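Please read the structure below before turning to the comments.
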Amino acid sequence: MDLIRQIWIESGIYQISSGQIAMIAICLLLLYLGIVKKFEPLLLVTIGFGGLLSNIPGVEIATGNGLLHLAYVTGIETGAFPLIIFMGVGAMTDFGPLLANPKTLFLGAAAQFGIFATLLGALGLTELGIMDFSLREAAAIGIIGGADGPTAIYVAGQLAPHLLGAIAVAAYSYMALVPLIQPPIMRLLTTEAERKIEMVQLREVSKVERVVFPLLLLLLVALLLPSAAPLLGMLCFGNLMRECGVVDRLSDTTQNSLINIVTIFLGLAVGSKLSAEQFLDWSTLSILLLGMVAFAIGTACGLLMGKLLNKITKTPINPLIGAAGVSAVPMAARVANKVGMEANPQNILLMHAMGPNVAGVIGSAVAAGIMIMFAS
Amino acid sequence: MEIGLLNQGVTLMLVGMGTVFSFLTILVMAMSLMSSIVVKFAASGSDDDVSPEEVAAITAAIAVHRKK
Amino acid sequence: MDLIRQIWIESGIYQISSGQIAMIAICLLLLYLGIVKKFEPLLLVTIGFGGLLSNIPGVEIATGNGLLHLAYVTGIETGAFPLIIFMGVGAMTDFGPLLANPKTLFLGAAAQFGIFATLLGALGLTELGIMDFSLREAAAIGIIGGADGPTAIYVAGQLAPHLLGAIAVAAYSYMALVPLIQPPIMRLLTTEAERKIEMVQLREVSKVERVVFPLLLLLLVALLLPSAAPLLGMLCFGNLMRECGVVDRLSDTTQNSLINIVTIFLGLAVGSKLSAEQFLDWSTLSILLLGMVAFAIGTACGLLMGKLLNKITKTPINPLIGAAGVSAVPMAARVANKVGMEANPQNILLMHAMGPNVAGVIGSAVAAGIMIMFAS
Amino acid sequence: MEIGLLNQGVTLMLVGMGTVFSFLTILVMAMSLMSSIVVKFAASGSDDDVSPEEVAAITAAIAVHRKK
Amino acid sequence: MDLIRQIWIESGIYQISSGQIAMIAICLLLLYLGIVKKFEPLLLVTIGFGGLLSNIPGVEIATGNGLLHLAYVTGIETGAFPLIIFMGVGAMTDFGPLLANPKTLFLGAAAQFGIFATLLGALGLTELGIMDFSLREAAAIGIIGGADGPTAIYVAGQLAPHLLGAIAVAAYSYMALVPLIQPPIMRLLTTEAERKIEMVQLREVSKVERVVFPLLLLLLVALLLPSAAPLLGMLCFGNLMRECGVVDRLSDTTQNSLINIVTIFLGLAVGSKLSAEQFLDWSTLSILLLGMVAFAIGTACGLLMGKLLNKITKTPINPLIGAAGVSAVPMAARVANKVGMEANPQNILLMHAMGPNVAGVIGSAVAAGIMIMFAS
Amino acid sequence: MEIGLLNQGVTLMLVGMGTVFSFLTILVMAMSLMSSIVVKFAASGSDDDVSPEEVAAITAAIAVHRKK
């Protein structure tokens, strides 16, 4: 009888807390968004399931020697997983459109204003006494505005690990919401005439330029902003493997097996931070709110910079591609393309939008480097 | 002290956006310079060490050897 | 001359013990069974070779900083390798037949009696003074009757690491012997008429059911038996990745590169426990004997439950598929199919037997959870 | 004490098989319930965000751009 | 203003040392050799980029908790990465030509004289007071003459980790230079008539021989020279997986995903040892010089043994294939083939040269075992 | 002492090359012996447990079951 009693005492029904029930509901929602709504499924499915596992009462899986906790300690605390993902992103990214039209980097720069505005917003909430974020926490929250998952996870892991769950969920959710968040802002800030602007076809980019680019970027980072070197360095390494043409087998593995394996364990490890104590907190609501604001501001700044560039350069620039400067590769570029085609069905902006899109990745990695330098 | 925090935030925003723009401006210039140099000295590339005939011979040799 | 003497002193011929010679012979036998007899080759080849390496005298490979020992510490002691394998198994398992005919779960339940009977047998040998097994050891030995390799390795790693080598070897050897062990028992316990029973074709299972099933299973485990959550949780995660349809690249990698890499190191790490001191012991002989009994009892109970189910349900059930309830996926289902075709060549039971077959995996993971809860 | 061990084993066997059967019985009921619910509310599914025409246009654009 | 000053102080331009500038130039040279000259690109590209990353001032990536340092500690210090690579090499190697003509093993043996001559050279430089190498260091340097990357990295990681960068760079650079280094020596030491010798076609090798070979080799190593067991054991394991025919999925993963993933992190980890303090030292110059000598002596000894074998055996042996005994698989065998075809265009030596070529791998692993036994 | 180091090196060279040659000589003999044994007792191999007809039946069954 003692044994039956022990089964009952160790059962989930007996042990479960209301917070865990709420977290299980939230994780099921994340799985729903990932599977049914196809919101960034690679991450929301793995994070959501990791969250389910870590909210099962009385089991050592997200703590101690548990698999999810080991993945967190070895992969997130050390920064290894986001860096390896960034290497994979580099191996999958075609910087050709950016090389063909380097000035789209300015669009990627402008869109990073969302990051710093959000940092300010988080500190403002603190000043108003609503929340109590430190500078490190505010910086980690701001990075959501970079619309770049691995960058957000890397920075949060360094500066505010206790907010990692909320930040990762916010970052991936909003990246998936790009097709809903961006179009109204795009229509508000541009005129019909601007949205109709057709751009000249991009020039061919030679293989040598493609190979030299990652090395050039790495050297500039090394000389000017070493704190951004881990993230951008791995991005450049992946891209060099992709473009150099002599290590295709390494590049293929990086783009497939390696990034997939790391994605699975990254997602589970992030999910292990979805505990009730840390997630069911007003800070999570603030983070979701601030993240939304960050995206909107980033989009708006990219668009305004697009309008400015269009004015001051000779070749026409459709301001819509500025919205792609927030990153969220390749979703934001597709949205720019779609809104452009609504105004002018002959207007295929996709390739032009890929330039600011990948520029946004570089831009937020630079911003991340600055955050890490000052806030840590 | 909270004013101090907000001040820090404003400074960080100004310096941060300044750095992002400066860095990317330098990158734009470096990329343009690099591209113009590359276009001038059109890459000469490198040749393989193994000629097609040799590859054919090797393939034939392997085929003869293994044939299983 | 001193150097030549040193070579001689450090040579294997000088150092080797008779126990190591015996273990090398046993490992060569395992390799023979794996390669020539095709007994579970993925595991017997890797375990056998790992055993060879760890019985080379005077080399630090299965101890200290050696590769095999590192694999053991990081992968088996933490439980990570069997859990990742279970994730892979989940990604490779089609629960459709079980969803189409849920009552075959009872067959998978009945077959777990082999586990508990073996536990009792091990304790009985202790009472008789023949052996000296503790409750933890007896529980780990019993799990062999689950006919599920990763479950057995996981439980043995938690409860009785010093018996891991013998338990893993017994589990995989008997899983391979299923086509020899089961048919006589099947013919003994069923009538010709029963073996001829044809079953109605399984209904189609919708995609939604397939997606919901792993979540449903996980939630029930979480609420009722959290100690089974690591094993079943990873199984459910793998299966969700398989069925949800939006993370196919993760599912593919899980089913291929990831499970293959982990299998290699799991096998080598298990092999590193095949040391003469631990393996050449009466306990190993008892484990082999008890494991055989466990299989036979599990098979018999599955068959008897099949006969019972056939009596009390309206739709006809061929009792042979009950034998597949021991797991040993998919070998046991094939054996049920084969024996059924001998009695009735038109009788294709394979798909019907897959239901109890995968039910057996769930059943032994549940039993493992109970063992870990009580015995640790 | 050894009698105690065997007793423990018998108890564990009874409780264990009881738990296995209870758990799987509940699972059978839950699965049947789930399947009947799913069959009623036949899944509506979700649509892609990108239309086939758009895919075609994008593919064409990429083809034009890369063609190398 | 303080912040701007901090950016300046933490910038690479402010912090960089002349040594780091020199190392960056050297790493760019390695990348040039790998990408443009196609010198062993899999390793030179990854090592070169790892070197770049680790010479960025002020960033913790090759130290502390940085990704490259973690890779070094977990993969090189433990010997795990070179051993896994050796497993992959085993899975990719066809020992058929060696089995068809076992006496080519003598060619692989003779070529190892380069290793020991270089050891002696390093100690000679010490005696002359030019350098100051210990026996361990000299042994690690000598292994460059084995022309086998993973063996060199394994031995250097065990005996002289501070020389690892220089030794790995030297080993891979010279392996790539085989087509330049070997032909003059080959022409010098052989007569036109010898180079024209045609060899009888190799016999068919049965599957059983292929399967038994790795086990035979492992058992001999276990009995005679256990210190070579880790390297040769993993080689044999990979080869057994390849040839046994029942674990093809493990063999495929070993030859692709697994070896590629490990190569990436091995290269980055070796690159992390390319720090200015350790690399910009006279010892590096000596290592490059001694490595070149090692290759030349190994080639010469292989050729001379080829001439001897041709004299004392009945079947004709073209001495050129002796040069392939240095390993550098498959480059050295191709060079032997090429030089042979220059003398006699009908003379296809490739398959005959593969025997000594893979024999060279075994030979240098044996030599490595002896070095580790005596020098550690 | 440095003379000692060089002496050690010479000894290591002699013993090392001796060992390499001895080991590989033994390997040559073992391989030749193994090959001659294998050639004599031409491998009998092993049969699959599953007959082609059964595979066909199983495949058909699966095809019928899944057809989606």
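Order as written gives the chain letters A, B, C, D, E and F; numbering starts at 1 within each chain.
Definition applied: a residue touches a chain if its C-beta (ideal position, glycine included) is under 8 Å from a C-beta of that chain, and two chains touch if they have at least 3 such contacts.
Nothing here was measured: the structure is a model prediction, and the numbers come from that model.
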Steps needed, at fewest, to go from subunit B to subunit F via touching chains: 2
Chains touching both subunit C and subunit F, listed by label: E
Fraction-based call for subunit E against subunit A, same above half, different below: different
Repeat of interface C-F, chosen from E-F, A-D or A-B - more than half of residue-number contact pairs shared: A-D
Chain whose Cα centroid lies at the greatest distance from that of subunit C: B
Longest centre-to-centre distance from subunit E, chain (CA-based): D
Subunit C and subunit D, separation of their C-alpha mean positions in angstrom: 22
Between subunit A and subunit C, centroid-to-centroid distance (C-alpha), Å: 41
Rounded Å distance, subunit B centre to subunit C centre (Cα mean): 49
Per-residue overlap in subunit A, given as positions that touch at least 2 other chains: 3, 7, 38, 224-225, 256-257, 370, 374
Residues of subunit D engaged with two or more neighbouring chains: 12, 15, 19
Touch-based graph of the chains, sorted into line, ring, star, complete or other: other
Pairs of chains satisfying the touch condition: A-B, A-C, A-D, A-E, B-E, C-D, C-E, C-F, E-F
Contact set on subunit E toward subunit C in their complex: 78-80, 83-84, 211, 215, 218-219, 221-227, 229-230, 233-234, 236-237, 240-241, 244-247, 249-250, 252-254, 256-258, 370, 373-374
Subunit C - residues contacting subunit D, complex: 98-99, 102-103, 105-106, 108-109, 112-113, 115-117, 119-120, 123-124, 126-127, 135, 138-139, 206-209, 212-213, 216-217, 220, 224-225, 359, 362-363, 366-367, 370-371, 374-375
Subunit C-touching residues of subunit F, taken from the complex the two chains share: 11-12, 15, 18-19, 45-46, 48-50, 54, 57-58, 60-62, 64-66, 68
List of subunit A residues in touch with subunit C within their complex: 3, 6-7, 10-13, 15-16, 24, 28, 31, 34-35, 38, 41-42, 45-46, 49, 52-53, 55-59, 61, 65-67, 70, 256-257, 260-261, 263-264, 268
Interface residues, subunit A side, partner subunit D - complex: 3-4, 7, 36-38, 96-97, 179, 201-202, 204, 334, 337-338, 341, 348, 350-351
